[in-house]
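Alright, structures below, take your time with them.
In the two complexes that follow, chain A is the common piece, with chain B as its partner first and chain C second.
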Partner chain A sequence: MPQERNLTGCSAAAQAAKLAEVEVICSYPIRPYTAIMMELAKMVANGELKAEFVHGEGEHAQLSVVLGASAAGARAYTGSAGVGVTYAFELYSPIAGGRYPVQMAIADRTLDPPGDFGSEHTDAMSFRDQGWLMGWACSPQEVFDNTLMGFRIGEDPRVMLPQAICQDGYFLSHIPDKVIVADPAQVKEFLPPYKAPHSLSPTCPVSHGPQIRPDQGAPMDAQRAATFLEVPKVIEEATADFNRIFGRNYDPFLEKYRLEDAEIAFFIQGAHANTCRKAVDAMRKSGVKAGMARLRWLRPWPTHEIAVALAHVKAVGSIETSTSYGGAMRGGNLIHELRASLYDLEERPVVTSFMAGLGGETIWPEDFHFMAKVLTKMAKDKRADQYVRWLGFEAD
Partner chain B sequence: MSKKLPGYGTITVPQEREVPFGAITPAPVRQQDLFVTSNWRMVRPVIDQETCTRCLTCYIVCPDACWSYNEEEDQMEWNWKFCKGCQICIHQCPVECLSPIPELDFEDGVHRLEKPF
Partner chain C sequence: MKPFDYKFQTFEPIKSFRSAPREEIYVPGHRTCAGCGPALNYRLVAKAAGRDTIFVGPTGCMYVANSSYLCTPYAVAWIHAQITNGGAVASGIEAAYKVMAREGKYDGPFPNIIVMAGDGGSVDIGLQAMSALMYRGHKVLFICYDNESYANTGIQTSPTTPYGAATTFTPPGKAIPEGKTLFPKDPPQLVIGGHPAVKYVSTTSIAYPLDLMNKVRKALSYPGPTFMHMFTPCPKGWQFDESLTVEIGKLAVDTGMWTLYEWEDGAYRYQHLPKKYKPVGEYMKLQGRFAHLKEEHIAKMQAFVDQKIAHVKATAIPVEAVPPMAVKKKKK
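Right, the complex of A and B next:
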C-alpha cells in the first residue's frame, strides 16, 4: 500500500532511489544533498537495499564510478550540490555521449565565492548543455516522483541519457512535507529493469569510450541531437503512465496555474513556485489576473508548449534563480530561452526578468506583488522598460 | 495562434558516417581497427634492423603499444595505425637504431583516413 509520510526532499529522493532498486550508489558529502546518501547508506547497512555503496574520493570520482557501473549494466545513482557539481564537470559530456542513463540528484547550492550555503540554481544550470535531461521539482513529493520518472525516461531504449533530478537546497532538501511513498508493485509496473544494450561483460567483450577521430565527432553530436528530438514524446508517455499508475496529475513539461485567462504571468522553476501560487491567489482576489507557468523540464526545453501556454498573456516575468553574468539580458538564464520561445508568435507577450531567490534568499509574497505591479505596468505600456530587475538592489 | 511555429527540422546521419551507439564497439583482441588514430603523426620512426639489438626498450616505452617483437622473423615491428609520432622510442633507443623520418617523405605518407570505418 502507498504510505503517506512526512519527508524532506532528501529523504524523498532516497526513498524513490530505494524503490527504483538502484544497484550502485556513489557518494561524496556536500551539503545540502548529503542527507540523500546518509539515508541510502543506512538502507544498505540495514539490508533494506541490496546495492553496492561506493565512497567516492570526490565528485569527479563519483561521476566516474557511476559511468563505469552503468557501462557494466547497473542502475547507478549519485548526487551532489554547489561546487561539487562543478568539480565533476569533465564527466558530464562523456556520460551523455557514452549514453549511460545514470541519475544524479542535485540539491542546489550557490557556487563559491565565497562559500554561501544557500540555494541557487546556478550549479546545475552550468551543465545544462552537456546532453543530460534536467528538471526541477517544487515539493518533496515531486522529488520522489521525478526520481522514478527520470529513470524511466532516461533508460528508455529510444533515449539512453543521464538525468539530473534537481531540487532547491534547504527549501526542499531540508523541509519536510507530506509525501506519498509508492507501493513497490506500482513502481514495478512503472519502471522496468534497466537493460544496458552493450554492457561490459567478460563473455562478450566490448570497448567503451575509445578515442574517435574528428570526422566521427560530428556524427556523434548529430546522433545525440537527434535523440533529443525524440525525448519529448517519451516524457509525455512516461508522464501519462505515471499519472495513471500513481494517481497524479502532472503536465509533462509545464505546470500551468491559473493561466487560462491570465493577463500577467510568472515564469518559474523550482520550490519558489509554492509561494508564487499563493501570491497569484491573493492577486486574483484583488482583481489582478495573474497566473504562473512552472518549468518541469529545462532539458529538453519545451519551446512549443511555452509558446502555446503564454501566447495570450500580455506580460511575462521570468523569476531567475540562477546567474548569467554578461548574458544578453544581464540577469539570469531562463529569460533567454523564454524570449526565444515566444519570438515566433504573431502576438507575443512583453517579457522581463527578476533576479530573486539568489544565494538562498527567500522570495516573499510581497516580492511577487512588487513584480506583479511591474508586469501590470508593462502590460499597459505594451513594452518592457528593462530586461532585468535585481530585487532589493534597485536605485529608487 | 494563427501562425504556425517553426519546427526543429530533422537530423539524419548518413549510413556511411554513422558511429556505433555511444561509440561502444566489439572489444579488440589485439587492436581497435574501428578507431584508427594515427592521422596526426608528422614523423614516423624508421628502424635500422642491422643495428637493433631486440632489447625491447621501444616496446616498453611506447605509450600506444605500437612496437611488437616478431619471433619468427626475429625483428621489431611497428604499427602505423596508432603511432602518433611522439618519438619517445627514438629518444630512448640505447643503440640509436631509430630515426624520425617526415611523413611526407613516404609515398603512403600522412594517412588521412577519409572514411570513418
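Right, the complex of A and C next:
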C-alpha cells in the first residue's frame, strides 16, 4: 500500500532510490544533499537495501564509480551539491557520451566564494550542456517522483542517458512535507530492471570508449543530438504511465498555473514556485491576470511547449536562481533559452528577468508583487525597459 | 552474516616460459612504437590473466596508441577511464559485479578486474583514485606500468621520471644542467605504507617475463586489492635503440636502478638480485635522456642507487634463485 509520510526532499530521494532498488551507490559528504546518503547507508546497514555502498573519495570519484558500475550492468546512484558538483566536472561528458544511465541527486547549493550553504541553481546549471537529462522538483513529493521517472526515462533503450534529479537545497532538501511513498508493486510496474546493452563482461569482449579520428567525432555528436530529439516522446510516455500508476497529474515539461487567460507570467524553476503560486492567487484576487510556467525539465529544453504555453501572454518575467556573468541579457541563464523559445512566434510576449533567490535567499510574496508591477507596466508599454532587475537592489 | 561465494578465480603458477598460455589476449593491430615496453608488458599481463578479465585503461600510451576506433587490441572487455580515475572506475565495476553476483544477475567466475595505468595515472593525477581503491579493499589488480614519463603527450616529467632525465618539461640548460632535479616517488612503497587492505604488492620487468606472469597470477589469486609496479622501458622517451628494450630492462636490475620483489602481507622476497651490481653509468649511457649529464650528476645518481641497494641488503632476505627466462638454455 502507498503510505503517506512526512519527509524532507533528501528522505524522499532516498526512499525512491530504495524502491528503485539501486545496486551501486557512491557517497561523499557535502551539505545539503548528504542526508540522502545517510539514509541509504542506514538502509544498507539494516539489510533493507541490498546495494553495494561505496565511500567515494570525492565527487570526481563518485561519478567515476557509478560510471564503472553502470558500464558493468548495475543501476547506479550518486549525488552532490555546490562545489561538489563542479569538482566532478570531468566525468559529466564521459558518462553521457558513454550512454551510462546513472542518476545523480543534486540538492543545489551556491558555489564558492565565499562559503555559503544557501540554495542556488548555478551548481547544476554549470553542466547543463554535457548531455545529461536534467530537471528540478518543487516539492519532496516531486523529488520522490522525479527519481523514479529519471531512471525510467534515462534507462529507456531509446535514450540511455544519465539524469540529474535536482532539488533546491534546504527549501526542499531539509523541510519536511507530505510524501506518498509508493507501493513496491507500483514501482515494479513502472520501472523495469536496468538492462545494459553492451555491459563489460567476460562473455562480452567489448571496448568502451576507444579513441576516434576527428572525422568520427561529428557523427557521434550528431547521434547524441538526435537522441535528445527522441527524449521528449519518452518523457511524455513515462509521465503518462507515472500519472496512471501513481495517481498523479504531472504535465511532462511545464507546470502551467493559471496561465490560460494570463496577461503576465512568471517563468520559474524549482521550489520558489510554491511561493509564486500563492502570489499569483493573491494577484488574481486583486484583478491582476497573472500566471506561472514552471520548468520541470531543463534538459531536454521544451522549446515548443514553452512557445505554446506563453504565446498569448503579454509580458513574461524569468526568475533566475543562477548566474551567467557577462551573458546576453546581463542576468541569469534561463532567459537566454526562454527568449530564444519565443522568438519564432508571430506575436511574442515581452520578456525580462529577475535575479532572485541567489545565495539561498527566500523570494518573498512581496517580491513577486514587485515583479508583477514591473511586468504589468511592460505589458502596457509593449516593451521591456531593462533586461534584468536584481531583486532587493532596485529603488522602487 | 554468511560470507557469499563470489567465485573468485585462482591461478596456478606457470612452470616455464614454454608452457605459458598460447592464447593472446592483447592482439596485434595497435599503433605502439617499435620496441615499446608497455605493449610487451600488456601482452604478458593479458596472457597471464586469461579470458575472464576486464581491463580498465586510464588515458596514457596504452589507451591512445592502442585504441583506434573499432580496432582495439583487447580480446576481452575493456573500458577507457580518464587519466584521473582508473581506481574509481574499477571500484565501480567491482562493486557492480559483487551486487550482481549476490542478486543472481551474474553467475560466472568473478572477473579479473585489472587497471592498466601509466605512472601519471597511478601516482600523480591518478593517485587519489588508486589509493582509495586500495583503501576500500576492492578485488582489483592495479598495475602501474612505468615508462617514467608522460610519454603519450610527448615525454613530460612525471613523479617517477628519474633524477637527471631530460624531458620536454625538464630540458637541461645552463641554469638547470641536470634537467630533472628531483628524485622519483616510490609507488609500491606508497601502497605498502598505508593501505591495510592490501596483502600483495610486487615489482616486475619485461626482461623477466616468467617472473612477471607469475606475479600477475599470484596477484589475481588474492581476494582483495593488489598492486604491481612494472618496469616498461620506452625507446622514444628514454632515447635508446628499439632493439634494446629487454637489454635496458636487464641492466636496470643489474645496476640496482630497479629491484624485483614481492611483498606479501608484511614479508618481502627478492628475485634476481645481482651478486655484484654494475655501476649505474652502464645503464645510463645507453639512453639519450641522460646524455647531457656530467660526472657529478652520475655520481649523485649512483649515491641514490647505493642507498637503495644498502636497504635491500640490510633486510637480508633470501633471494629466489630463478634465472631470467630470456637466457634460459634448453635442457640437452
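Structure notes:
Methods note: the second predicted complex is superposed on the first by the 394 of 396 C-alpha atoms of A that agree within 3 Å, B and C clash if a C-alpha of one lies under 4 Å from a C-alpha of the other, contacts with A are read in each partner's own complex, and residues count from 1 in each chain.
Note that a contact is a pair of C-beta atoms (placed from the backbone, for glycine too) under 8 Å apart; a residue touches a chain by one contact, two chains touch by 3 or more.
Predicted, not measured: the structure shown is a model, and the values here were computed from it.
Upon superposition of the two complexes on chain A, a steric clash is found between chain B and chain C. Look at A:210: by the touch rule set out above, it reaches both chain B and chain C.
The larger set of touched chain A residues comes from C, when the choice is between chain B and chain C. In the superposition on chain A, no contact is made by A:46 with either chain B or chain C.
Of the two partner chains placed by the overlay, only chain B lies in contact with A:160; chain C stays clear of it. Looking at the shared chain after the overlay, A:219 reaches chain B, while chain C stays out of its contact range. Look at A:249: by the touch rule set out above, it reaches neither chain B nor chain C. Touch criterion not met for A:286: it reaches neither chain B nor chain C. After superposition on chain A, the stretch of chain C whose C-alpha atoms clash with chain B is 235-243, while the remaining options among 163-171, 235-243 or 271-279 stay clear.
According to the touch criterion, the shared surface of chain A, contacted by chain B in one complex and chain C in the other, consists of residues 205-213, 216.
Interface of chain A with chain C (complex): residues 23-24, 26, 50-52, 54-58, 60-61, 64-74, 76, 90-91, 94, 200-213, 216. Residues 97-100, 160, 197-198, 205-213, 215-216, 218-220, 222-223, 225-226, 229, 303-304, 307-308, 311, 344-346 of chain A touch chain B in their complex. By the touch criterion given at the top, residues 1-3, 5-6, 8, 10-13, 17-19, 21-28, 32, 34-37, 39, 113-114, 116 of chain B touch chain A in their complex.
Put simply, chain C touches chain A in their complex at residues 51-54, 56, 63-64, 67-70, 72, 74-82, 84-85, 87-100, 102-103, 105-106, 108-109, 111, 128-129, 131-132, 136.
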